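Across the two complexes that follow, subunit A remains constant while its partner is subunit B and subsequently subunit C.
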Partner chain A sequence: MKKAPWLLLVLFLVVTLCFFPVTGCQPTEDPAVDDDEVVDDPNDVAVGEDYTIVVGLSQTILTLDPANHRDRVTETVIRNMYDGLVTRTPDGVIVPEIAESWDNPEPTIWDFTIREGVKFHDGSDLTVEDVKFTFDRIIGEGAMEGETSPRKGLLGPLEAVEIVDDRTVRFILEEPWPILLAMLPHQQIVSKAYLEEVGSDIAVQPMGAGPFKFVEGTIDDRIVLERFDDYYGGSPDLPPVGPAPAARVIFEFMPEVSTRVAALQGGDVHIIHNVPPDMVATLEADPNVVVKTVEGTRMHMFEMNVEMAPLNDVRVRQAINYAIDMDAIVDNILLGYGTTVAGPLLPHGFALNTDLQPYGYDPDRAIELLTEAGYADGFELVIDTEDELKDVAYAAASMLEAIGIQASVRIWDWGVLRDQLLAGERMMVFGNWGNSTLDPSDLLVPKLRSNDRGNYSQYANPELDALLDAAEIAVERDERISLYYEAQEIIYNDAPWVFGYVGMEIEACRSNVTNWRPSTDSRINLHRVGLE
Partner chain B sequence: MSQIQPISPDKMSKRDYYLTRLRLTGKNFKEFMGKMSRNPSGMFGLIIFLFFVFLAIAGPYIVPKDPMAISLTDRLLPPFWMEGGSREHLLGTDQLGMDLFSRIIAGTRISLLIGVLTVSISIVIGTVLGLLAGYYRGILDTVLARFADLLLSFPWLIFAIFTMAVIGPGFYNLVFALTFKGWVGFFRLVRGDVMAEKTKEYVDAAKALGQSDLNIMAREIMPNILNSIIVLGTLRMGFMIIMEASLSFLGLGIQYPEPAWGSIVNIGRDHMLSAWWISTFAGVAILVLVLAINMLGESLRDILDPRLRRIE
Partner chain C sequence: MTNYVIKRLLLAVPVLFGVVILVFFMVRLTPGDPAVIMAGEQASEAEIELIRVQLKLDQPLHIQLGLFLENLIQGDLGRSTRSRAPVTSEIMTRFPNTLILMLTAMAIATLVGVTTGVISAVKQYSFFDAAAMFVALIGISMPVFWLGLLLMLYFSVNLGLLPAAGSGTWKHLILPSIALATVPTAIISRMTRSSVLEVLRQDYIRTARSKGLRENAVIIQHALKNAIIPVITVVGLQAGTLMGGAVLTESVFNWPGLGRLMVDSILARDYPVVQGAVLLLAVVFIFVNLLVDILYALFDPRIRYD
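Up next is the complex of A and B:
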């Protein structure tokens, strides 16, 4: 018996080890917050008017200020408190929201008519002043307490917003920008008066005109919202219109996949997102859970630093494209929940050049090309990626090893890696880029135009730049298509990327959740979601 | 072994001296094994430990598969006794189709090597510094003892995480991070023992005979404190293995896909609900090895140095 303490200690250590969070980002449950909570267990809430919907999110969020982030999950939470001029249906179609209608009298001028009777959570009316203020705050250099909004890039050539009359605002562009409408759902309208009063405290005390108002919570703990009874109703194109059915919404942060899935199965949360394909079978076997998928809009690709030897040789880059069996990756790691792409665009996106055929898996051709380029004995290659994507990176590394390239994988924290990527200090990165507009402009310009904000491959091709710039301001649909066709061909042949895949958005909910389905842009809009 | 006969090369030929030492060692060893055999938990620990040592040495020759071979078509296969499992992969595969049985065997080498390396380096540094500090005292002792106290005031894991975060992951960095604080325990033990032993008559006698300080430390005092060092070393080894696993689990130690138990547990975490076997078997391996080492250390303590029971 005297050995028992030791045994217990070792057992304890191993058990602790098994359940230790991988980083410090696990949300800590503060018992004090739980005690204050009126509704502790969502299952205890009577079904009907007063139910609470709990959403399990895969990461903590960055802020509650709609203008101060570039993060989809953060936007998901914010978007339930704030509305935009326009919004998107789950299928990605643009429909009016706060703007009732719009007009595009000239390629560089857009007039938006603001809906009447839209109220902020504090009871004040939403006016054209607020709209102008919102956009001035985003596009102005240093307009946010001396800082420039990280969302400025999402508004492209927007130069100024002017008030035409008390129901119309005019957006003036430096040059034509056909994707303005498609980009507008990402901007949410704030109250001028409120912001001037609270300043940067908007990041902890948000106040918008969306279906839910902020109650309490912090960005690393949980966010609690409640129904805004004076809500104008939301987009008439997304019925039903009116105040939200749910009295209360709670966003819980659950970075651990297992925690998220177990919480859903246990009934502690109603909706989860970022379900890994491996979990789908487990969830589908549960009668209380429904798995829902939708075509995603995140392009996953390996970006190769075209400035760095030996990746500066196009033959080497093509060889790597031939060597990685993307179909096998999608079939086995994504279990088919994804689509491979031949070139740089989404398979269901605008202006997809269907003439391009995937490089395909051809290790012999790869070795041939490597030999031609003088790297028959391979070379050392480090693939950088983040933890969530590591499986694909390891699989690719093992495929590259098969053709003699000494490939290894390094896992990074994205914030650290990003700066090094932009500085061209890394060789190859596996990541993804959101393209929720489904328009090439939103993907090719930031990723492949010389020195643009997401150009991790350091690709700089004047010919491509000219095509992309021309397509940015081209108004005719056919003209844009032909410009992008040519651009895709150049990118395909130069292969600055290993063309990858687009994964499906896999989300899951309790079977009693009504009127909810995942969106292509991975947003979780709870306005119309109910429970039965 | 606590009562070593004073023998000295002065009174006999070199050959006789070493023969006597050998005989004494042999006798002590026999006596030790006699005590050990009456200590079942110690024997159990020793046998398991030796088994793991065997795995660590023979590992690369006996693993059925390459522990780092990725096979996408064999992902997340269950262990052989479950439906869908096969004898190809006795303990199943992880999410990249790597054979878990082979990985766990290959991981033995890393775990044990880290344990042995960190403990032996710690012993060497700690003992030398402890001998010097305890024997000479003075300013050297003050400086070293304060520095040791300083290091002791940091919690182990946090200190190791910090060190690894600064110097980056990797095998030798891991050894460095663990040794950086690891020597302190031995330093304090040796220093205390030396201060106690120094006041004993045999040290005075050696001094009177005109032996050098080095001789006194190495030949007179060391044999009397060696037992405590061995015991502490064994116990520390289990701890170091846990530390290695913890750091690898956190992604700071040995990097996946290198087969280290801690990183295997970590990788399996995402698949806990659908593929429990990944984390479980690696966790069991850590459990069994550390348990065996601790049982062994515990009985070594009982046999060699009952005093330590109060200290640890």
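Up next is the complex of A and C:
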């Protein structure tokens, strides 16, 4: 009995240690990933054929099934294994990928010619059947193994996909939809035969026709990919064309900003994204790290509930626009990593009305307008926002206090706030909306058309609705431009928003990373990225 | 003893049932809708409703609870709403990682803590004692999160000796287990010190010394054996602290354990995974407590459970 305590302890340790073989902490003998190679010093990584690029992402991903999510970071990972009919350049220009060319014979009909010699990772040829299957699986009710794809909405009025001949597929729309091409990079082609074999297991065993094939990993730990040697080469408009230079790619999920930055500086990862502006100086001081930026596509704005007094008075809304010094916010909170906007559209987007000048910071004019509207003594205003945006909301609140509005900030969980916004129960919200197509259609329609899905300002203007609807079905580029010009003017004058800014995407890499720059839609595609 | 253990294990059943019910309602009372989070900010109401139906979140709470309990009895914790993978496999791939981290931290804490505590007590008021207790005070006061970042900054970024984050090799284990061990080490060393000091004043220690035993034998065989009881209690209690600490440590060091899984799942309102993970932690907690009680009896013959 005397020795028993120690025996028991030893027994406990032995029993618990028995768990370890199932652990996700793989030892280095795993042939697919040699961690030491990356971990010790990235500069030691063999140059040329055999190196690994590690990317630190700011969140875990939701799935590896291209049809079953609605998330940018998830798409970034999937996009390295799957290609689409078309893709975007880092500057947001649509270029062919699996589709070699396309034709738009009628406003509601698009014909895509499929490139020859495109192979899936299992060696089979990618055919028009696969393209049709991919889109049927997304747009059909219950077509995704009994469920309906959450990406259906990203294909708007797409009604059917038909096979014309063995190289051509036809997209048939219910009504004209000028942003079809701009939305197509978001869909990736899957193999019909493979999917029919594995079903929903595609979420853990993905297989596409992209530059990298899946090796191992889970969506909340890390994803390891390796080069697909039979890759057709990718878009000819995005040279170099051919198999990826990197032998392996690892996506690590690092939600903590400081962890991400330390891992980059320590050399554990080669590329990180979502770098907050206040970390830029630290990174720039490190000779082994390069910070890169690109204009983002996320419009940040304050949406005012135009149904609720006193914000139902356009003079009050304009006064608030004059009272918030957006330049100061961009300079001091975003440390300059952003661009203010005059109206509701992205500064580098399609159909920007350049006649509109920013309201500008003019507190005297703001007080004048408030007095005119009968609110010389101000009023109480609550600005709702999410935790990560609170700094800007607080700054705006203090600027509004300067003209006599008793503004305060309330921080919410998005899932709770959203319902109240749609129900018109809140006064003013500071948030953002992604517009990666750079087309006004998927910004103005959801945000400002009467009762649309993101219309938090409750703005309802039949005149604007008519313009937006006309632009949705207009096919001529010039016609769309002139419709959107007029729409922007109406929105500018009615001021349902405090027109805000577009933040820059700030990403950083080790200085030995070659041929990589951030994309305006924040995707990280590693097909062409190398190390030296 | 066997009867006692069986009785304790049976008592654990209602406790676990209570935990299950409590967690079930707590996650659902937390504001936030998993369907909204899953659908993304730009989704339409119809798309969100669709997800709600698919996750059975449109059902009344008691129906959801019934379904959950029915499956639970069959050992099925459901599927993650985020990844659609079975919760048991999600948890069981993560749990060993947390366990390895906790055990390493616990081993460090016990070894370093007890050794420092004993030396401090034996050499009371010496420089070593003062320094050790001062460091221990700092250790207790240091937030794990901050300490983790400091370790990372120094050993990974500045010195480049150890990987900053992730898992895969034994090197990845060093920084997170040190960060996690700091608070328990400090607490254990202070506890050991005071406990040993108290025992050293007892008559039987004087007797032991007077019969000519070497000082080492007095300390290790006579003093420490009696002083260790309160230390065992503290070590047991620290298991709870370690679990809490593991959540933070795993987030900082990107360690793929249960703690990080819980944080991710709570943020995504992934109810089934949160429920499963908390249930597992409750089981571990009950197990550790039982183990501590058994150890009492083994170390101290005066304690009998029969």
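Quick note on the criterion: the second predicted complex is superposed on the first by the 481 of 532 C-alpha atoms of A that agree within 3 Å, B and C clash if a C-alpha of one lies under 4 Å from a C-alpha of the other, contacts with A are read in each partner's own complex, and residues count from 1 in each chain.
Everything below uses one rule, namely that a contact is a pair of C-beta atoms (placed from the backbone, for glycine too) under 8 Å apart; a residue touches a chain by one contact, two chains touch by 3 or more.
Nothing here was measured: the structure is a model prediction, and the numbers come from that model.
Chemist: Given the touch rule stated above, what does A:254 touch, subunit B (first), subunit C (second), both, or neither?
Modeler: Only subunit C; A:254 stays clear of subunit B.
Chemist: Just subunit B (first), just subunit C (second), both, or neither: which does A:278 touch?
Modeler: Touch status of A:278: first partner only.
Chemist: After the superposition on A, what does A:262 contact: first (subunit B), second (subunit C), both or neither?
Modeler: both
Chemist: Figure out whether A:329 sits in contact with subunit B (first) or subunit C (second), or with both, or with neither.
Modeler: In the superposition, A:329 contacts subunit B only.
Chemist: For A:70, select first, second, both or neither according to whether it touches subunit B, subunit C, the two together, or no partner.
Modeler: second
Chemist: Tell me which touches more residues of subunit A here: subunit C or subunit B.
Modeler: C
Chemist: Output check: A:309 vs subunit B and subunit C. Expected answer is one of first, second, both, neither. What do you get?
Modeler: In the superposed model, A:309 contacts neither subunit B nor subunit C.
Chemist: Which holds for A:411: it touches subunit B only (first), subunit C only (second), both, or neither?
Modeler: The answer is first: A:411 touches subunit B but not subunit C.
Chemist: Determine, under the contact definition given at the top, whether A:391 touches first (subunit B), second (subunit C), both, or neither.
Modeler: Once the two structures are laid over each other on A, A:391 reaches subunit B alone.
Chemist: For subunit A, which residues belong to both interfaces, subunit B and subunit C?
Modeler: 13, 20, 22-23, 256, 258, 262
Chemist: Please output the residues of subunit A touching subunit B within their complex, sorted ascending.
Modeler: For this pair, the touching residues of subunit A are 3, 6-7, 10-11, 13-14, 17-18, 20, 22-23, 256-258, 261-262, 276, 278-279, 281-282, 328-329, 332-333, 387, 390-391, 394-395, 398, 409, 411.
Chemist: Can you list the residues on subunit B that touch subunit A in the complex?
Modeler: Those in contact with subunit A are residues 41, 69-70, 72-73, 75-76, 95-96, 238, 242, 245-246, 249-251, 255-257, 262, 265-266, 269-275, 279, 283, 286-287, 290-291, 294-295, 298.
Chemist: Can you tell me which positions in subunit A touch subunit C when the two form their complex?
Modeler: Contact set of subunit A toward subunit C: 1, 4-5, 8, 12-13, 16, 19-20, 22-28, 33, 35-36, 39, 41, 60, 62-63, 68, 70-71, 147-148, 150, 152-153, 200, 203-204, 218-222, 252-256, 258-259, 262-263, 265-268, 413-416, 418-419, 422, 433-434, 446, 453-454.
Chemist: So in the complex, the part of subunit C that touches subunit A is made up of which residues?
Modeler: Per the stated touch rule, the residues are 31-34, 36-45, 47, 50-51, 54, 82-85, 90, 92-97, 99-100, 103, 149, 152-153, 156-157, 160, 163-169, 171-173, 251-254, 256, 260-261, 263-264, 269, 291, 294-295, 298-299.
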